[in-house]
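Working notes for the structure below.
The chains carry the letters A, B, C and D, assigned in the order they are written, with residues numbered from 1 in each.
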Amino acid sequence: MENSRRSFLKIAGLSVLGVSAGSMLIGVTPRLLRASDGDAQPKFTSRPEAMTATRWGMVIDTRKIDHDLNMKLQEACHEIHNVPDHVGISNAPRHEIKWIWPTEFKHAFPNQEAQFLSSRLEHTELPVLCNHCENPPCVQACPTKATFKRDSDGIVLMDFHRCIGCRFCMAACPYGARSFNFRDPRPAIKTIRDTFPTRSKGVVEKCNFCAERLAQGKLPACVEASEGALIFGDLNDPGSDVRKLLDEQFAIRRKPNLGTFPSVFYIV
Amino acid sequence: MNAAYLYSLIAVVVLGLIAYAGVEAAGLDGLFGLVIPYVALLIFIIGFANRMLDWARSAVPFRIPTTSGQQKSLPWIKHAKLDNPTTTGGVIGRMLLEVLLFRSLFMNNRVGFRQVGDSQRIAYKWVIWLWLFGILFHYSFLTVVIRHLRFFMEPTPLLISGLERVDGMLQVGLPGLFISGVVLFAAATMLLLRRIVLPRLRYISMPADYFPLLLIIGIAVTGLFMRYYTKVDISRIKELTMGLATFRPAIPEGEIGGLFYVHLFFVLLLLAYIPFSKLMHMGGVFLSPTRNMANNSRIKRHINPWNHPVKTHTYEEYEDDFREKMIEAGLPVEKEPK
Amino acid sequence: MTGKPKDLINSIDFTPPEKPWDDVDADLSSGRFCYPTKKKNLEYLGMPTTTKDEWSPADEEWPLPDNWQEIIYEGFKDRLEKYRSLKVFMDICVRCGACADKCHFFIGTGDPKNMPVLRAELLRSVYRKDFTTAGKILGRLAGARPLTKDVIKEWFSYFYQCSECRRCSVYCPYGIDTAEVTMMARELLSLLGLNINWVLEPAANCFRTGNHLGIQPHAFKEMVEFFCDDIEEVTGKRINPSFNRKGAEILFITPSGDVFADPGTYTFMGYLMLFEHIGLDYTLSTYASEGGNFGLFTSSDMMKRLNAKMYAEAKRLGVKWILGGECGHMWRVINQYMDTMNGPTDFMELPVNPITGTRFENAASTKMVHITEFTADLIRNDKLKLDPSRNDKFKVTFHDSCNPARAMGLFEEPRYVLNSVCNNFYDMPESTIREHTFCCGSGSGLNTEEIMDLRLRGGLPRANAVKHVHDKYGVNMLACICAIDRAVFPPLMEYWVPEVGTTGIHELVGNALVMDGEIERTTNLRFEPLTDEETEE
Amino acid sequence: MQDKGKIIAGLIIFFMILTFPFWYNRGAASPAPEPELTQKAKEAKVCIADTEYMRTEHMQVLDVWRDTVVRDGKRVYVNAEGKEYVASLSDTCMDCHSNKAEFCDRCHNYASVTPYCWECHTYPEEKK
């Protein structure tokens, strides 16, 4: 059913029509905001402990990265986000779902001069994830606005409810940061955590900079697990940890020539 | 009757108000929720059967199919088995294409004038709109009707929940948008606008053409409103409808709302209206002799039940009239003159 | 009477009038109606008459019997019981408008009552008033209106502006056939003695002499012999056809129009040459000397009365089967009515082509074969020696006559014959041929001089398509398989596309047929040189 | 009278289909089920809004919640009385109404409504 719904949309190109018709119908006046009774209006707010920034960013100190840490990062992330692990069920590479994963320097930075690379960089894998670009091509590619960049803090997010599985975003992302659920993810999740939803078959997913944790005043799971190798903060705040680090250390970003302006920096 | 639609619009609005006021002001929930449904259903069944049997009572004296393809003739000439059927199978095929796909409407074209040099020429353009709106209208209506069976069956059959899933596959909004409802509303509105906007169509349209369309639009609008906007408690509604479907009619406790009764009243009006209106085309299409007969009267003799003898001019009478002249011209005659 | 073609076509306006249609009276000014039947014809046929011998539809007061409303009511009721088609067609129209611009009379006049839907509404409105509950209660709101004398006038006007061509029926989602409605309306009008002379005079003639034109037996024979003289002059071969001969294998019946008027006469000559060439054992009948049937345009009873002589004569002469010539409505009667009305035909045998041995299984019950089926079979089996170059001066197109097209489905046979006997054949655009074909504009007995303007308008869609292929391919000859067409097209083409002539298919067969022992031909059957100097370039 | 048999047969089939719900239910009564409240819900007495409103609008609430949470990042809902709730189906709704089968499914099944919430969101029994 899921697939038929998605392929239908893909073929018919009705997505825009559907969304607009739907929002037209239900969006006339959100009854919810007209209150059920009484004069007071219901409203939404954020928790006081929520962490805020105007542009979240991350600095990865590659000098502190080793294989074990890489694994730890991924585990921390994938576990709390109910990311399925299809290994053993299906080994097809395209079935793999990953939010943060280790890769070799030459793959992470294909445009960098890699001759006579320090053996440290040559042999260590670096963690890569969604770059939460300032100019994200995936957002432009999405026909239903399921992928969007949050105005308030610059995080590139996915609204899974809206994703129709067209995978335009995957084609648009230069970093391969997105995965598609070719299979039902639930059987491949060891322990389903009820603090985060799973996804359904036919939906794209990726790193969300732990937006749900930031809202609770917690750092991203990978940062927490990184033993100081990953530093997280507001790129627009000159006094933030990330900015301080970037002041001191030379850092590079992935595929800078594409003009996407990643928010993830690598100190090499 | 250029303002014919006004009569029908007023009629529909008044009827809607009657149901609304009847329930909200006069508290006639029982009348609108329990009595009228059974009455309307009875009117429909009896009226529909009556109409069909009335048609059945009339004779079919001749085989008069409209042939829209090559006849069956010499074996090396390709016979159009569906458009000019000679067998029952062919007729069934032709009828199915007609009833399920509206084939005749599909080949509709429009006449217009084209300037060639200093004079005009007639030109024809294939137009698909009537077919498109027609088929969208009918199929979305059918889907909506079948979907509503969930209110009359417990447990809801898988087939119906399956249809709901397909109908709701856009998964837009909450409650999930059903494509059929929106399409029904849009197609019915287009069919109505067509009648109002196109001068030729406005000229041939009568109140009886606008009334059912407006009634159906009324049904669609009240339905869409209840589902997406004002909201109703559908558990209670199902309690009411299940009461009807199990012959234990009762008005459930608690508020259902006047809008629901307007919706229901419109539906029942439509149901009761069918046997007395052009909407009988749903049954009549199967009885149309130009489509439901095979073109085989040269192959197999068709019997006219009222075939009566007529006065003819026999050869004998003819020869009596012209015998002399015939003999003179050397034509053979049966009887020599005395 | 009628202006230039350009002005006529520019004058067509599809915009409906301001007033609703039931407030617009029928236009019964001179030239807008067919002359009513002379009383003698009605009396001869034993049909109801009007109360005055001489009257005109333009008169304010029509000579109707006192109980005219009752007559119509009873007649309507009777027909609703006898014809399911009528009852269903009265009830199920949804006025979707698909038929509106399919009628050639609507296209040519722009008169909304010539839209099939409104034409039928003329009858439906009265039906609703008298026979439906909704109509009785709601009246005009339900589209019902009382039967008044104005309604009768309207019926007379518009049911004689329908040529029963059935084109609307093809496009109707329910197959509602205005021809059927028109036939019923004409029957109802006939009950009041209202009929048109151009239909009833031929019908009366046919009843008496066996053919519409009233040709008496000796004259019929003389005319055919005259054709034989012409054939001898062109081919050097003498043909002596037999008449009323008992024991012949086949009875040949064709419309009398082919005996009487050009260009049908050339088609008749083509038949004679073909039969002579293959040595067919056939006979002509002076009694069954008419294939056509103007009873079809009057009432089913009249149709049956005129049709009866075909089988009666076949039985009297003891033939095995009947061969029918090129005629339109004749074939509607033969295909859809004849066997039901005047069968069964157990005195005949399943038609077998004596030359090829082909069994015409599709005529197993009627025992009557269409001449183009017969000729196509001969050509397919290589039994004819044909020289199509003798028709090279013609660039031919083919008009599907309404009845063989939409009441029979005879599409490929004539085209096969045409392609075999001439080198230049071009079909008209798809939307105007085969089941989509347009009427000549004068079918169903409307081929009468007094409504020439209307006929030219009704024929416009057909002429327009002919003009198209004339401009595109240089078509100069319009072939058809209908005697009414052959009478209608010469004036129609003269007006709209003067460069195009009219022919029957078997005229072209006659031209192309290389007969045994014939002299070298220098002219065609019209005594025209085989090639035109002008066209030779 | 031709084809009368066929017409009557067709009519009977048509009416059988039309009245199918009557045959299907065979007159068996089926009252609307009432959602069952857990002890916790009973004690709480109030939901985020009054019951009548929640009966008809709960799906709307969830729809607005999910949009606001996901897209605007505002995760706390303040109701008309000023009480704050974390706008979360799994954490808030299902905390009180932890009996999905008795609270949600009964009515949804009765009304043949199949929400696809549970394709992604967890509910208490699912926790392993």
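We adopt the following convention: a contact is a pair of C-beta atoms (placed from the backbone, for glycine too) under 8 Å apart; a residue touches a chain by one contact, two chains touch by 3 or more.
Remember, predicted model here, so these are calculated numbers, not experimental data.
Q: Pick the pair with more C-beta contacts: B-C or B-D?
A: Answer to which pair has more contacts is B-C.
Q: Name the chain whose C-alpha centroid is most distant from the C-alpha centroid of chain A.
A: Here the answer is chain C, farthest from chain A.
Q: Report the inter-chain centroid distance for chain A and chain C in whole angstrom, where each centroid is the mean of the CA atoms.
A: That pair's centroid distance is 78 Å.
Q: Distance from the CA centroid of chain B to that of chain C, rounded to the nearest Å?
A: Centre separation, chain B to chain C: 33 Å.
Q: In whole angstrom, what separates the CA-based centres of chain C and chain D?
A: About 67 Å separates the centre of chain C from that of chain D.
Q: Using mean CA coordinates as chain centres, what's the chain B-chain D distance in Å?
A: About 36 Å, centre to centre.
Q: Please set out, as single numbers or ranges, the residues of chain C touching at least two other chains.
A: Answer for chain C, listing residues that touch two or more other chains: 84.
Q: What parts of chain B, by residue number, touch at least two of the other chains?
A: Expected reply: 55-57, 59-60, 165, 171, 173-174, 231, 287.
Q: Give me the residue numbers in chain A that touch at least two other chains, ranges are fine.
A: Residues 26, 31, 161 of chain A each touch two or more of the other chains.
Q: Report the residues of chain A in contact with chain D in the complex, numbered from low to high.
A: It comes out as residues 2, 26, 30-33, 35-38, 40-47, 50, 148, 150, 152-153, 157, 159-161, 191-192, 194-195, 197-200, 211, 215.
Q: Contact residues on chain B for chain C in the complex?
A: 1-2, 7, 51, 54-64, 66-74, 76-78, 80, 83-84, 86, 98, 102, 104-105, 107-111, 113, 118-122, 124, 130, 134, 198-209, 276-278, 280-281, 284-285, 287-291, 295, 297-304, 306-307, 310-315, 318-319, 321-322, 325-326, 328-332
Q: Could you list, by residue number, the parts of chain D that touch chain A in their complex?
A: 49-50, 53, 57, 60-61, 63-64, 66-68, 70-82, 84, 87, 90-91, 116, 119-122, 126-128
Q: Taking the touch rule as given, give the residues of chain B at its contact with chain D in the complex, in rising order.
A: 45, 48-49, 52-53, 55-57, 59-60, 149-150, 152-157, 160-161, 164-165, 171, 173-176, 231-236, 238-239, 242, 245-248, 252, 255, 283, 286-287, 305
Q: Looking at the complex, which residues from chain D come into contact with chain B?
A: Those residues of chain D that touch chain B are 1-4, 7-8, 10-11, 14-15, 18, 20-22, 24-25, 27-33, 52, 55-57, 59-60, 62-63, 107, 109-116.
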